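Quick notes on the structure that follows.
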Amino acid sequence: MNQKNTVARQLSASGLDQDASLWLPLLTLLAHGDPVDIPALAAATGRSVQEVRLALVAMPDIEYEDGRIVGWGLTLRPTAHRLEVHGEQLYTWCALDTLIFPTLLGTSARIESATPGTGVPVRVSVGPDGATAVSPATAVVSLVNPKDMTSVRSAFCNQVHYFDSPESAQPWLEAHPEGEVVPVADAYALGVGLAQTMLTAEATARAQPAVAPPQQAGCC
Amino acid sequence: MNQKNTVARQLSASGLDQDASLWLPLLTLLAHGDPVDIPALAAATGRSVQEVRLALVAMPDIEYEDGRIVGWGLTLRPTAHRLEVHGEQLYTWCALDTLIFPTLLGTSARIESATPGTGVPVRVSVGPDGATAVSPATAVVSLVNPKDMTSVRSAFCNQVHYFDSPESAQPWLEAHPEGEVVPVADAYALGVGLAQTMLTAEATARAQPAVAPPQQAGCC
Amino acid sequence: MPEPTASDYDLAVIGSGGGAFAAAIRATNLGKRVLMVERSTIGGTCVNTGCVPSKALLAAAQARHVALDSGRFPGISTAADPVDMRALIEGKRSLVEGLRADKYVDLIGEYGWDLRQGTAAFVGTAADPVLEISGQDASRSSVRAAHYLVATGSRPWAPPVEGLEAVDYLTSTTAMELDAVPESLIVFGGGYVALEQAQLFARLGSKVTLLVRSRLASHEEPEASRALSGVFADEGIRVVRRATVTSVRTEAQSGDVIATATVSGGNEEFRATKFLVATGRRPVTTGLNLEAVGVQVGDRGEVVVDNRLASSNPRIWAAGDVTGHPQFVYVAGAHGSIMVDNAFNDAGREVDYRHLPRVTFTSPAMAAVGMTDEEANAAGIRCVCRVLPLDYVPRALVNRDTRGFIKIVADATTGRIVGITAVAQEAGDLAAAGVYILEAHMTVDQVANMWCPYLTMAEGIKIAAQSFRTDVSKLSCCAT
Amino acid sequence: MPEPTASDYDLAVIGSGGGAFAAAIRATNLGKRVLMVERSTIGGTCVNTGCVPSKALLAAAQARHVALDSGRFPGISTAADPVDMRALIEGKRSLVEGLRADKYVDLIGEYGWDLRQGTAAFVGTAADPVLEISGQDASRSSVRAAHYLVATGSRPWAPPVEGLEAVDYLTSTTAMELDAVPESLIVFGGGYVALEQAQLFARLGSKVTLLVRSRLASHEEPEASRALSGVFADEGIRVVRRATVTSVRTEAQSGDVIATATVSGGNEEFRATKFLVATGRRPVTTGLNLEAVGVQVGDRGEVVVDNRLASSNPRIWAAGDVTGHPQFVYVAGAHGSIMVDNAFNDAGREVDYRHLPRVTFTSPAMAAVGMTDEEANAAGIRCVCRVLPLDYVPRALVNRDTRGFIKIVADATTGRIVGITAVAQEAGDLAAAGVYILEAHMTVDQVANMWCPYLTMAEGIKIAAQSFRTDVSKLSCCAT
């Protein structure tokens, strides 16, 4: 638990290094399943296009296609970690993100990931009542203690995986003595905690909630 | 079998004593489930109302309500023998009629009758492939040899019953030593034979089929 | 006699069903001060004991029926367990409560009119009517309003039958509260409530007998009665027509109800575990003291209104079932808003029932709009009709259920469609489409030549329209 | 070059689908001598491999789905066995054969036109086109007709994808002939065929992945794509959007098909037992030698026709899918009769697609008539829209399935309704009703105030119309 708490604390702190007032609206837009263009993001955040472009420079991992954003943490570009939200097939960079984003988006989700090495699928349903239907029940999530968070993706995400059992995670644990594996339920509790920390901080920073509910498409 | 053949032969002969060119259209009209007025019967038979009234005089058992015919063999007035045709809940005077009329009407039917004395129901479904779903499977039909056919109903019908088993029919057999009981399948074969005899005779007598298919209701 | 004083309210509404709410909303939107008085549950018949619970149960029973009836699709095999009636009724209750909250109770606060729970009766005079309200806590208060609306609805009505009062009979309201599916059930009546309840309980597992005075749905086309009789027979429902129930009694030994009926001049006894009376509904006006304020009441207890919905007292109006007009919640809703427009804006709006759709939610459903064949003739319209059996509708063929028909009645001179009746899955949606056809004064030729999507049930309307000029047995797919 | 001679026929029709039959019937009714040439099965796509078999299978799969999905009704418990695919397909085959006989084959004799089985190709010149027919018995004959109709339809089309030709892929035609339900299935495409096949096989028991280039049903309203994505997710169908399939191969060991796709700039591999290509259909014109008789053919192989359906050779006409016009059998049927009126009566009739309804028979179904929001804007109409989620439609509530919506697009100036889209059970019937609304030029206010039966899905159209002026969350039941 100590180790996990440490990881959690560091993650929370580092998550907030990113510009949450930009990132949370981006997350919401990406969750609709379509590439996000900069003017749309500017509109969603109430900033100018120029301001947004400037802020995006500080997010080196961001994924673009044809000048539009297709991923940052939550991505339209396939990874091993699938996250299905409102019928949209999305992906995340990080196994742990699949357990953070549903809370950030305020929605239920279906998750499917593949055990490194064997490809055995791990499936998780996340609803208002927590992580339900973890399959197989033995599944675990690996965590590392991030050192350099300038690139979250390479420093942290690339080491966070779903494994179908602690046994399957053994080779990874041997290669990463500083790492740990935790049951999915624990990882989910960690993810929810992180998400709530971010939402609270963001809500404090702004007068109004950062994550708007999905809007009805503009008419005509 | 001899006995049965005798019954069958006598029935066929007597059936034709009645005016089939009147009776078959009446049967068809009654099968719609509504009382039949004389002009409608006249129209269906191509005769004048006066002719029809005259002919009806020769059919003493005929049932009337408010000047309209509600039964002759096939009846809208409850008896122990129910015959459901096209969703219409009809009745017959005679147990055997339930097995004759479906062929005359060219339709499938559901039959329900009650064992005299005990009231145990006997159910039979009659389709294009014969009597199906006889319940209970042991059910029998009683037959007598009609002597005086001026009133078919009192001479014959009142002695024809469904019984749920040969054992249940024993008291009746003792009271009617001239009678017999036969399995439903045999009684149905007898009924079909009678019906076909009538149809053939009628078809020979008239150039065209006596039993018209149910008509689409006249429009406007 | 109290002195005439200023009104406490612009409008006082007695009742809280569809008509009452429509009026209260409309009046509130016009800035009027509105009081609503309800002595029982908010929401009236539709949401509490009528349309909503019955259709919710029918939808559930339909799902079960589909599972029991899938044998018509080769290769598909499904099954159903017996119904858990308690769970079913509890589910219905919770759905009703949700809708009652969303569509009724919560709206009172949102619009901000006053509600008093209590029993209302008129006092005063025709010139100065006052409403006296007796609260459930025995409190009493008097209210003066510029206008009053009687929207007290209707309740199930049972005809005088020997022994009936002594029998613990069901109505549609109590039947939908049973905690077990009765082994057998006699349904007494042949109107839409009787039809829906008969099929509901048959599909839940009861052995149902329907005792009908004339024919099923006797105000609709005779083809509809026949089609539904066939469907009911297929589902094991025994339909006894021309039955006049003469006496009813409970057999002490078995607890069964035994009904004796005259059927075409003969007598028959019918026996079942339960006996459901569905012989119609009558307006609820007793206790309102309407005569004291000059409001004329008709033979069936209805408030007699003109086509503008005013009673014989020009300040007292009526809406919904209590008027004795067609008993549909959308009629009540229309009444409520028309009445407000007439009372406060002197709009002179009249109710026009000519294109009122009528749906019975059996499955297949029965629905109609405009005139039946017989009504058209009675109205002096020289008309021409076509009845299209569903065997000619491709959607019915692929559904492997061709029971039913679509009938069009048209003016022979102009070709204009004056009535459409259907027995079909989705017949209610066809009737809704029929409203547009009738409102737009379309002719059979127009409808025959308009686009219609293939393999919808509504395509049957187009094919029926084509059948006026073409032998549909010689129609190819989509050839016009 | 043969001398011009008298015509053997007034009309020679190549093909025997909906367009061909409509033309042959119309021409025969006008007393014309008609020849029909078919090289394969009589009846064309709709009855043999298209609408009819797909909707028959979908109806069967729907019955099974209802049995598996009844858990949403408390108290109802139903179940389904695995599908017997051979029996299902055999049942479908026999239904198709029945309809082919009734609606096609038998009509030829009843109307009395000539039929030749064989492959047709034009010879001669633009001024004197002749049809050469090669029989299946290697016989050859030439026919001259006053007019020719190309009604050869369309066939499934696959885009060029590396490895695709080497893979034994399915089309909707061959998928509906399988003798076992595939364990898993990739459906490549996002149009109506892809949607229907994906849901069909998912409901029969396959694990289905849908690879879609942009979004589901990309020509329809974006709300429709989203609603269907949600439904498909609920049924365990994985929908991968923005997927460009780059290569397909069969894995030798497992026999699985492995498709590689670019998804938003990344790559992913998809694996399934079977791979179904549903990326559209293209006109069938190869081998007809159209250029020899001066008939212009477009980029996709379509016969280029004017709005009267004449090709660039005024004696050669085209009808149905081969024109590249909207691929609906009722369009083909309309084409066939319009073409005959134009060819023989010089009627100058034109095809008007403005109110053409479009239905995808998923469940809930997706249907539309008139313009989408985007189309209205593109047409320069200043418009206003409302999207009514089915949570506001009482029928959806009692069905306990509120997935879907009804969207109305109206002209902001006049209030006239110019488009309706729905995702709902019975959406096809709503679109049929929508045709009447659009044809009658009704406004949202008119529709909001017309009668509509409560607890039908079509009531959603009325509520959506009401939502233009009212906050529907504050509507009571039936209050207007």
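Order as written gives the chain letters A, B, C and D; numbering starts at 1 within each chain.
Assume a contact is a pair of C-beta atoms (placed from the backbone, for glycine too) under 8 Å apart; a residue touches a chain by one contact, two chains touch by 3 or more.
Just so it is clear, the structure is predicted and the values come from calculations on it, not from any experiment.
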{"item": "Chains touching both subunit A and subunit D", "value": "none"}
{"item": "Distance from subunit C to subunit B - Cα centre to Cα centre, in angstrom", "value": "40"}
{"item": "Subunit A-subunit B separation of Cα centroids, rounded to whole Å", "value": "79"}
{"item": "Cα-centroid distance, subunit C relative to subunit D, in whole angstrom", "value": "38"}
{"item": "Centre-to-centre distance between subunit C and subunit A (centres being mean Cα positions), rounded to whole Å", "value": "53"}
{"item": "Subunit C residues counted as touching two or more neighbouring chains", "value": "none"}
{"item": "Category of the chain touch graph - line, ring, star, complete, other", "value": "line"}
{"item": "Parts of subunit D lying in touch with subunit C, wherever the complex brings them together", "value": "18, 21-22, 25-26, 46-47, 51-52, 55-56, 59-61, 63-64, 66-67, 69-70, 73-81, 83-91, 95, 99, 103-104, 107, 110-111, 328-330, 332-334, 336-337, 355-359, 361, 367, 369, 394-395, 397-400, 426, 428-433, 435-437, 439-440, 442, 446-447, 450-459, 461, 474-480"}
{"item": "Complex contacts: residues of subunit B adjacent to subunit C", "value": "33-35, 63, 65, 70-71, 75-79, 84, 86-89, 91, 110, 216-217, 219-220"}
{"item": "Touch list for subunit D against partner subunit A, complex", "value": "215, 222-223, 226, 228-234, 238-242, 263-268, 373, 376-377, 382-387, 409, 412"}
